[in-house]
């Protein structure tokens, strides 16, 4: 059982054109920076990317938009990205917007072997078009399907060589959900440790969900919206 | 007429001790600045935190600690971090006591439109559709009239809707309205605002009964 | 916001006859010992108990069977309990057996506001009788509904006064799921600490799900099946 | 004819390096004692642990650390604890590579009965229905013949079933069988067991093609 890879290039070696990839993170927080750089370098095209956001022009998934590697973006919110807007308006890029909780729960469903889930989000809106609506009690719900993605790429704070992962603060967000949802899951971590160094009671993603792991380098961790309180 | 901060302050008066509260982007965020003395509330942000604290001091920003508006924040004692599925799970299960959201339009039946303007770049609904479909108690904080002078309290939303029959209360620069089966029931009027202005500024069915108290802000 | 109660008697004061109660634990591991003792003392009758097991004759839910307080038991496995067997055979006790994963997921569904879930467990068996079967892809699934219980009573290792909970080893089992699933959730803990003493990144049950908390006393933590390896 | 331990040993030969494995109660539990050298497997127990280790030394039993058979166990380095929903989630999602279960009856189409005997006190299915409905790769460890001398490899199960069309392989005291669309395909025979005995002991459709090797145990 060897899940440890040397770097992003090796861990991502078999990602090819037109695949569907889940990418963890919320805004620029907790995104798999090394893997995105490797995907840009690799030059794979026609990707369908599922991620809560699409990065900014020069960071995150935005980098893969600059190089026109993304055919379709599935996200809940895609503001803050001029190149995204240009490609969308010119018809180069296909976009599917889905409610954030639906996005999260469709990942969880995949990780838990549930083919579909019911959620009230989007009932009566454009999002419900073409979807099955079902009443439970006095409330309507939409049937939403589990994601079926070729790869999931996530970023964790610490991981061990068996693939067990721990996230830090709100960099957790979608990462544990996407880690459960890919046919193959690749995790990049800030610290790679030996089995037993992470407390069994406090692991967020069990290694059974993680196929490959590598220690990332040079994390920029860009802040999208720096807000502060004046010192008293 | 109320300033944005006064709208936030009026909404803060709705908070009860022990409430778990989700504050949307814009005016709703300001509500956190006016939490009454003696009232303890726990702020939820849907990217995965309960117990969100104020912005950090300069130099103490942590890129791993943000809210749903991607702003750098802090954690208060007793805060909890969780993933996005659990975050929307607790919202869907009705465990969040109060949600405060901005809106472009609200209808007299409690529909809300706040995510898409036809002809403009659509940025997405983020968590708004989940919140409006799930929360038991939603207050909208908004300007009642748009820049063209048109009412945003409508018989029916003209913009693509975010959720149906979900808004219970609206606080605007002009007044406080409960949404009931009868329409927008005026409950309080802002200082210096006339009933005539309220009527001019409400396109949807308006209910004014008895003496309407002036808001205390 | 005061969630802290002095003891089990006070925390369980408003549990009345004929209510439905979720009780955490697996076998005798991680069961809410203090709360069960309080229920026996209180003498409430006609309860529907949802728990993975029914305890043994003189411990766990078995104690409430001795006093004939349980009208219906919903569980996945009810062996090891002679009084249980007697009441079942005599018709005094109603039993609904459901697959363990279904039991767990129906709790999770309640906690996540999902009215129902699909699971393949039980397709083609007695468990499927009267239930909706639906095909997704090449596999059949049963529609199973979220639990709707008056109370959930769980046992945690540590908790803070805001209701945040941490479990220890496999005493976790159903506890975090049931904690999310009750209309009112009561947690008993071995250690009650102040907010901030538990690391925000490593809390298993966020306090938003917990309405009442108290420090339990005199935990027996009985071992059901003591197995050992001879020392070399 | 194989002993229970030899059945377990033969099943252990199916393990591959890196496998995540769930072992049921009874003979399946014994498989852990025969994991081949150089093969690393991670044992899952459905009450919420990956990386289950051997029983503790006497005096080191921990009531908070048990397996699904309620036996006291230990944690190995790299083990993980999780709740029961995640435990069955990873099973349902096909992340567990191999499940080994006992059975009362198996049918030639791969149905299994192992939870209920009419007329006897029904103790419940525990996690068995979830496991058989979800696992991709299930091996049954069982005695081929009951105490009355009747075969338990049947055309159709007579007992209430636990799951349909789910068993891929059966290892008994007499032989190893793959279950295919043709029925029970004999792959190996136990030392000292004749083909005649196999035939007498198999009530369901039996396929014997070519030379059948003798099991190495």
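Letters A, B, C and D mark the chains in the order given here, with residues in each chain numbered from 1 onward.
Here is the rule we use: a residue touches a chain if its C-beta (ideal position, glycine included) is under 8 Å from a C-beta of that chain, and two chains touch if they have at least 3 such contacts.
Not measured: the values here are computed from a predicted model.
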Minimum number of chain-to-chain touching steps separating subunit A from subunit C: 1
Whole-Å gap separating subunit A and subunit D, where each centre is the average of the chain's CA atoms: 36
Between subunit A and subunit B, centroid-to-centroid distance (C-alpha), Å: 28
Subunit B and subunit D, separation of their C-alpha mean positions in angstrom: 56
Per-residue overlap in subunit A, given as positions that touch at least 2 other chains: 105, 112-114, 119-120, 167-169, 172, 200-201
Sites on subunit D at which at least two other chains make contact: 49, 75, 81-82, 85, 88-89, 91-92, 134
Chains touching one another, given as label pairs in label order: A-B, A-C, A-D, B-C, C-D
For the subunit D and subunit A complex, residues of the former touching the latter: 17-18, 20, 40, 42, 44, 49-51, 75-82, 85-86, 88-96, 134
Partner subunit D, residues of subunit A touching it in the complex: 1-2, 110-114, 160-162, 164, 180, 194-196, 200-201, 203, 206-209
Residue numbers on subunit B that touch subunit A, as the complex places them: 45-49, 54-58, 60-73, 75, 81-85, 87-89, 91-92, 111, 116, 121-130, 133-134, 160-164
Contact set on subunit A toward subunit B in their complex: 26-30, 52, 75-79, 85, 88-89, 97, 99-105, 107-108, 119-127, 157, 167-177, 204, 221-231
Sites on subunit A touched by subunit C in the complex: 105, 112-120, 136-137, 139, 141, 145, 166-169, 172, 199-202
